[in-house]
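Dropping a structure here in structure tokens format, bear with me for questions.
Naming follows writing order (A, B and C), and every chain is counted from residue 1.
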Amino acid sequence: MIETKTLPTEYVTHPGAIKSSSGKTLRTDEMIINMGPQHPSTHGVLRLEIVVDGEIIVDVIPHIGYLHRCFEKHAEHMTNYQQVIPYCDRLDYCAAINEEHSYVLAVERMLKIELPERVEYIRVIMAELQRIASHLIAVGTFGIDAGAFTPFLYAFHDRELILSLFEMTCGARLLYNYFWIGGLSHDLPPQFVGKAKEFCTYFKPRIKEFNDLLTYNEIFIKRTANVGVLPKDVAINYACSGPMLRGSGINWDLRRDDPYSVYHKIEWEPKVGKGEMGTVGDVWDRHIVRMCEMEESVKIIEQALAALPEGNVQAAIPKRIRPDAGEIYARTETPRGELGFYIISDGSSTPYRVKGRAPAFVNLSVLPDISRGGMIADLVLIAGSVDIVLGQVDR
Amino acid sequence: MTAHEIHDSLKAKFGDAVLDAKLEVMQPWISIAPDRMKDVAFFLRDDPSMQFDYMMCLSGVDYNDGRLGIVYHLFSMVHKHKIVLKAFCTKENPHVRSVSSVWGTANWHEREVFDMYGIVIDEHPDLRRLLMPNDWEGHPLRKDYKVPEFYNGMKVPY
Amino acid sequence: MEAFQNLGFWGTLLVTVVLSALPLVFILLYALVTIYLEMKVAAHMQDRLAYMRTGWHGVLQPIADFIKLLQKEDIISVAADKKLFILAPYIVFMGTYGAYAAIPFSSIFIGANIDLGAFFIIGVSSLVVVGILMAGWASNNKWSIFGAVRSAAQMVSYEIPTALAVLIAVMITGSLNLQDVTKFQAGGIQNWLIFGGPLPLLQKILITPFTVITFLVLFVASLAEVNRTPFDLPEAESELVQGFFTEYSGMRWALFYVAEYANMFLVSAVAVALFLGGWESPFGSFLSGPIWGMFWFVIKGMVLVFLQIWLRWTLPRLRVDQLMYTSWKVLTPFLFVCIIAIGLILVL
């Protein structure tokens, strides 16, 4: 029952086409292969229908929806606004805190609540820790896509340390339900600040080690430089965000350009791809942006820990949350890019409509455009560098 | 540019294609006739004083009063201003013109809207269901949607 | 082998079976050890422990794995070409195992001391390509055929640098018989072919850089011959699922697996026999003799196997075009230069 996009019979010359001496393009037979939903490098249940000519990719047609869990329908049928938060966690299970942050921010803006300083600082610390954890998964699995297995375990080793920080705080290791509307579910435990500082000092040299092992490996550079180049204008036209956009050389980060929480009080800078090893916007650039962002996140965490004020972790909010009828679109910078929630309230205690604008979904839609003409091995790397989480793509 | 200025210039340029507007709320929106959506979109993207080159979000809404709608959240990376556009249509005649030739990202978003709300996106290059199976019946995010008993012989509510 | 000449038909048969079973026993034992080694080396490179439950530090795990694989259901997909599918793993294993016949484990133990030893090994181990192509084709799976085609292209192109490197060793020693090549390098580590062999001093100094390069090229090419990282494209998991043995399971898969590990030692053994003094002791006549010879041979081989494992857990993999580029535009020209230079030095 699955329709397939019919391909044009008359081909424009693609890189793999063989030319005969008369200059005519020889038609070779294309093969259609399904990459996924069960395939080691599709990061979940993405299915790519690829049309190949030998090893050269003629077209890629992504099929998604295998992990569709009706997030939006669920959100409309909760009994109150708070109940949606755990569902947000499950959108992007690699960066649950950031998803909560976006949703909670949207509801708080509708309610027009002022939050205690301490809440904002804790949120920033948690969001940045989560960003490091998520980027570690991204670069680790990216290593696997490139055929290097060891960096993956290096990354997961460090991610474990972050997860135990989360576990210490709210008891959960993956899906936290930690940010609540108007505050947090728990205050930080007393030993948290010390442990987090310890982690920061431990982690900085580890980034360098990881870079030595993978990022500056000659073979890795050969594989990733000049592959899957995403030009600036295409990136903006497809509304790419996060490391995808910054990898293409656009200095754009919502934490700085559409500020929320207390990011404006902290000194840091977004990292952009410069095309050090090849073209601006290639796969290597997206990788290095993630590596540099982890360093920046450590900086942010350190400053936020130093500035962490005392105080309450729950603002005064009405017992039943009933935002005035109206609508809002609030967005935050998650590890994968711009996550927005478009919420319509009809004045009752359940959201009338919640739409999640998932960065992985939007970033994935550009995949066919940047992988045509590459090889199968390139496609794997390009898909890896987009850093999709299928939970977010399919919602 | 403020929402008022954008509204005024759209009004001046397109006249009766601009149907309605609410400019005093937190995120001001302008309603556009669904069959003129594409022209307005091209103008908003290419006009040097507008330059809405970045589409943040595109969402379908069922207003539960016989109307369906698509909400476009636009942003300009150059001028750093935002605007929200809305295109309303009726459940009986759910047609909106595609803007995927204007913003590439709209392609999948519009497919999702078609999938979830059954709004037919005219001139869309590849209008198929996106998240639901191709042979699924009905459009799940409509407010009057009833969950089917069976799908291909499998019981749906469990 | 001359000792067993007057045993009659049955005696000869018995001796042949026993003698040819010895490498098989070796391969199986070696495979168990190397699988264990690979897991342990990988784990310790990655800050983990690997097997710890089965026996002391998990030494029994490979055996447990082997028993599990034996018990597994034999699955052949309906669409597969059944005959070829069943035959393929045996051919792959045969190619590897057959080549062991000419490996000189020590001065008295060599399956068949043929004069064309090195040539025989290159020829017989090429049979592996046929098996892999059969496996890929018979599986009736697109990923398998991709893996098989990649593998065939890769092995065929990397056979050129391998053969050229062998040719260089043959030019210096003047023999294709691996026993003769080994004996040529007697007298300690300084006489190994990697250091120019027992030539007059001036020639030795001139020739050494070229032989070192040759050895390195041979090692790199042998990595590609056995499909190890960074040349593991035929079975590149993240791209081709499992390459040509995607559809294989249970014992048939284990045969591929054992053949792969046996192949690792095979290419190491060739490199050892040609360039690292074979079974000769690195200390001249100290610790030499047939038994010690076997010890030295296996140890040297295992060091190279360890290097292969080390590389596998460190490096990413190349892309197909880069792989071909490496073979045809880097390794082969290098060796041509080496051949010309060594030839000139030898006639000096």
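Here is the rule we use: a residue touches a chain if its C-beta (ideal position, glycine included) is under 8 Å from a C-beta of that chain, and two chains touch if they have at least 3 such contacts.
Just so it is clear, the model here is predicted, and its values are computed rather than measured.
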{"item": "Most centrally placed chain, judged by C-alpha centres", "value": "A"}
{"item": "Furthest chain, CA centroid comparison against chain B", "value": "C"}
{"item": "Approximate Å spacing (C-alpha centroids) for the pair chain B, chain C", "value": "62"}
{"item": "Centre-to-centre distance between chain B and chain A (centres being mean Cα positions), rounded to whole Å", "value": "24"}
{"item": "Chain A and chain C, separation of their C-alpha mean positions in angstrom", "value": "43"}
{"item": "Complex contacts: residues of chain A adjacent to chain B", "value": "1-3, 5, 64-65, 68, 70, 72-73, 109, 234, 236-239, 250, 252, 257, 326-329, 331, 338, 340, 342, 344, 353, 355, 357, 361-362, 365-366, 369, 394-395"}
{"item": "Residue ranges of chain B in contact with chain A within the complex", "value": "25-27, 53-57, 59-62, 71, 73, 77, 80, 84, 103-105, 107-109, 116, 126, 128-135, 140-141"}
{"item": "For the chain A and chain C complex, residues of the former touching the latter", "value": "31, 33, 39-41, 55, 143-150, 153-154, 157, 213-214, 217, 219-220, 222-223, 375-378, 380"}
{"item": "Partner chain A, residues of chain C touching it in the complex", "value": "42, 45-48, 142-143, 146, 229-230, 232-233, 236-241, 313-322"}
